[in-house]
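As written, the chain order gives the labels A, B, C and D, with residue 1 at the start of each chain.
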Amino acid sequence: MDLTGFVGLGRMGRPMASNLCRKGFRLVVHDIDPRAAAEVAALQARAAGNVAEVAAEAGIIVTMLPNSAVVDAVVAGPEGILAHARPGSLIMDMSTVDPLTTDRLAAEAARRGVAYVDAPVGRLASHADRGESLFMVGAEAADFARVRPLLEAMGTTIYHCGPVGAGTRTKLVNNYLAVTSCQLNAEALALSQRLGLDLERTLDVLYGTTAVNGQLKIAWPAKVLRGDVEPGFTIDLAHKDLSLIVEAANAARVPMPVAAAAREAFSAARASGFGGQDFSAMVDALCALAGIEKPRLKAPPDAA
Amino acid sequence: MDLTGFVGLGRMGRPMASNLCRKGFRLVVHDIDPRAAAEVAALQARAAGNVAEVAAEAGIIVTMLPNSAVVDAVVAGPEGILAHARPGSLIMDMSTVDPLTTDRLAAEAARRGVAYVDAPVGRLASHADRGESLFMVGAEAADFARVRPLLEAMGTTIYHCGPVGAGTRTKLVNNYLAVTSCQLNAEALALSQRLGLDLERTLDVLYGTTAVNGQLKIAWPAKVLRGDVEPGFTIDLAHKDLSLIVEAANAARVPMPVAAAAREAFSAARASGFGGQDFSAMVDALCALAGIEKPRLKAPPDAA
Amino acid sequence: MDLTGFVGLGRMGRPMASNLCRKGFRLVVHDIDPRAAAEVAALQARAAGNVAEVAAEAGIIVTMLPNSAVVDAVVAGPEGILAHARPGSLIMDMSTVDPLTTDRLAAEAARRGVAYVDAPVGRLASHADRGESLFMVGAEAADFARVRPLLEAMGTTIYHCGPVGAGTRTKLVNNYLAVTSCQLNAEALALSQRLGLDLERTLDVLYGTTAVNGQLKIAWPAKVLRGDVEPGFTIDLAHKDLSLIVEAANAARVPMPVAAAAREAFSAARASGFGGQDFSAMVDALCALAGIEKPRLKAPPDAA
Amino acid sequence: MDLTGFVGLGRMGRPMASNLCRKGFRLVVHDIDPRAAAEVAALQARAAGNVAEVAAEAGIIVTMLPNSAVVDAVVAGPEGILAHARPGSLIMDMSTVDPLTTDRLAAEAARRGVAYVDAPVGRLASHADRGESLFMVGAEAADFARVRPLLEAMGTTIYHCGPVGAGTRTKLVNNYLAVTSCQLNAEALALSQRLGLDLERTLDVLYGTTAVNGQLKIAWPAKVLRGDVEPGFTIDLAHKDLSLIVEAANAARVPMPVAAAAREAFSAARASGFGGQDFSAMVDALCALAGIEKPRLKAPPDAA
């Protein structure tokens, strides 16, 4: 079997690469932190000395990197993947980047006879650990068929959203709703607390009407409403995603006033020291600002 | 059996009063529009000449009126309910009003030996027609027991949210989430359309993550996404509720920047002529502003 | 000479009434706090026992009260001015209220043969002390002529803005710009501080371009930029005015997204304990939130 | 005398280069549009074939380019200025870019023994035509002395704001206030129009209080309030600057909710077709949205 390349072994990339190894894929990996690469190499992957080596050896190269600028350098830089990739190889970028970067890199790849797929990741790091991620994929049909086995090894839910670029764009729309819902919930529950309403009764009502949202129903009762603000997804990362969204919307001439207001609320939460907490802790940030008691469910989750 | 009074026979009050009649309650009713009262009277209710008559004859008086000022006048005005109510009677206000009005009227009622319950209504006018409303009730336990049979005759879901005022406050929190979700969805789908994403595929993804909300999942596919903007709940009414919410939040010293941004978005939609459409048509208003094709599901709902 | 009535002897009303006394007007005054009335009475005014007495004795009755609800009660309540005013008398309301209240009270006054003038006050309490206030007057020409001598005794700048209601409306527009400029300046200077710019040099530039505004140029160098946050006009009062403005704009179907965002910023400043400081301290509130050094001019004001 | 290089001969660069020629500087110029270069060459400048030639020949190279990405390519690209500049030469970037780009390029220049100055331009294109621009300069003292003669040839007002990067940062702060003032004024005058106030009288009041700002007092009476929306500075460019500002603020962890709301208002104006009009036409965009008559001064400017 052909080697699969993997560049970027951080909090998300490491478990994803590990899952590929465990499911029998042969990997050549790289990370700027050699310890991260060594850790994955312990699972029978080969640790390459640099990106060029990965590109030269692999048929499919996966990238999982922190932002657009890094993806740009790793893919299109002078010592990057495209400069060393074999014709006919395929790059699958799974980072969250701005869609114009995706479009540009895909066009550059096409000029060099390299296929390009964008497949950003949904759900949390803990899902990646368990191989239960969700992927939003932008790819031509044939390329989607090529990457499908890898995606099935790393996650449980795979959406083919359209041609190259559609994965990244879908992720922006998805994360806009998920992240902004947190600020919505923060405002609703801070108000509810201040008005003296009982949290359990109020949630009962909200869960029974169209006021409900996935964050409030699924994510929050296991996190901030129990006092757990350990990050599944930090306020800092949510702010980064909102920034990508607001920039993409402004570039595309779509006025999004609520997105912009939400972004500044995340900026305020970061500025006052909440950046490293889970993004559900937006309600704690607002309650701290306004001197309101934090909303906490009384009973433990399993004691009901 | 004691007579039940009902003041306010508009789009919501009429079907609610009718359902009470049908379930065997004996009503004495009033509306400033005599035709509305006559219509309900055809169902064996007695049409009183004025509010004072209703107050003098009934043990429980229900009010279902357009705003805080009208409720204030009908309950506490010189010819209003409190001026003519029997000691021991009970007022149940089912209008959507600001909570400080509820508190003030409840205190005034208590001074005169009259019980007070706030029980605003959730769901749409079409639910009221079928006796399927949802009620958020603020009441002392004994008063809640008194009004419960009436509520059961008019709806299917009854939440006892806490003492007097808790119903109104819960409704504000609930409607904040439901109404603002519409602006969230409007921005998300306008962006999605502009980015060239396929609507069905995008909704598939959103419905499978915590990005989902009740409006997007339950309400919209049967309304705006099918091109149906006939109002279940108008943008004008949504704007009214958001205004109550923003005012209540500012009075309570809870900063709600997303609520404020959403309210101005509803104000802009009203200003550009969308006030009479269903509140899901916020996405049409945004698409019209930005020259974006409206999002519409391709297949008819039953043809899947 | 006819008696002039004055109701409301708070932080603004007291010096205004005092100036009238000093300039030779004979006053009959009232305040709910008898000590306030006694203090003015020491200047040869007569302290009446209640509003009705003031109304019955005076040809012109001035009101200077904290908000719309109090003005409503004092003017139109059962023991209020209109119930006891002589035909041909004139009410001049100098409070800051919502314009629909002004319109309603003016109409009610007209029905009873009483003239009505709205003349809200610009500038600060310290200007009122020195008889240097600015007035925005809504009045018919003849009524304007009647009140002009009083206004000239209390201030130095008098604008006849149009018919009744035009004073209140002009004040809203004026205060919108003045108050929101403070949030603009707060954001600009917080950013400037964080970016490491020199305050004096930056102000030099801003004062030389169209970026300048009256708050930044005139008000701030003598207040917050010297570390003086003693209130000339508190953040709480600025928030009250912004609330009137946002409500009036929404009632008038004028979308004002920046006004709404600014109002929530004032709400946040209040919530975090800055409500009693001068409204120029909005920049201190933002710097405190974001951990930025407060902008302060180095040299004392007179050492230049 | 040494040759001066000039790269970027658009709407701003052309008159600036022309003024340098007229004042006796010997220029070597380049633009991607050869006609623009030819036009300046007619003034005795030499039109170079590419950027490299300009860099190789000139002691000081001025850049006046549309955005950060273009400046980055022209300065640091493989065929850019730094690759061909002589040691001891100086780059003065007069474009409006994000400050992190300035910092990065200045550091890169320093590594190659090239001095770097940022000197973005204030005021309008018509000022540049007349050599009346304003410059905000970030430079070491010695470098400032080197560029000063050029700046004096192109403008009338020169601010030395601090070390490299301080010019760009000051321009962001300055333009934040100027551009956002336009949205403030738009909201204030739209509200004023809707409330039926007389424009002249209202401006009289505003000009006499701290509500005034430079746009309203200086810029608007000659532009939009006379019906002149020919761009001195377009809504599109104002939107670009606001975008730089909002991004810089978010990168610097300074919450700026009013900036964010204003940016979306400019985005909405662009989306509805006003992007090419003068930025004072924000009030026309808002009035068009809300069905309000545009504010126009009655008398011609010289007929007073």
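Going forward, contacts are C-beta pairs under 8 Å (C-beta built on N, C-alpha and C of every residue); 3 or more make two chains touch, one makes a residue touch a chain.
In this text the structure is predicted, and so the values were computed from the model without any measurement.
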Quick one: how many steps at least from subunit B to subunit C, stepping chain to touching chain?
1
Two copies, subunit A and subunit D, superposed on Cα atoms differ by a rotation in degrees, nearest 5, of 180
Compare the CA centroid of subunit D with every other chain's and tell me the farthest one.
B
The distance between the C-alpha centres of subunit A and subunit D, rounded to whole Å, is 37
If you average the Cα atoms of subunit A and of subunit B to get two centres, how far apart are those centres in Å?
38
Provide the C-alpha centroid distance between subunit A and subunit C, rounded to the nearest whole angstrom.
51
Note the residues in subunit B that touch 2 or more other chains, in rising order.
249, 253-257, 260-261, 264-265, 268, 271, 289-290
Residue numbers of subunit B touching subunit C in their complex, please.
239, 243, 246-247, 249-250, 253-257, 260-261, 263-265, 267-268, 270-271
Residues of subunit A defined as touching subunit C within the complex
257, 261, 268, 271-272, 289-291
Subunit A-touching residues of subunit B, taken from the complex the two chains share
99, 122-123, 134, 136, 157, 159-162, 166, 169-170, 172-178, 180-181, 183-185, 187-192, 194-198, 201-202, 204-206, 208-216, 218-219, 245, 248-249, 252-262, 264-265, 286, 289-290, 292
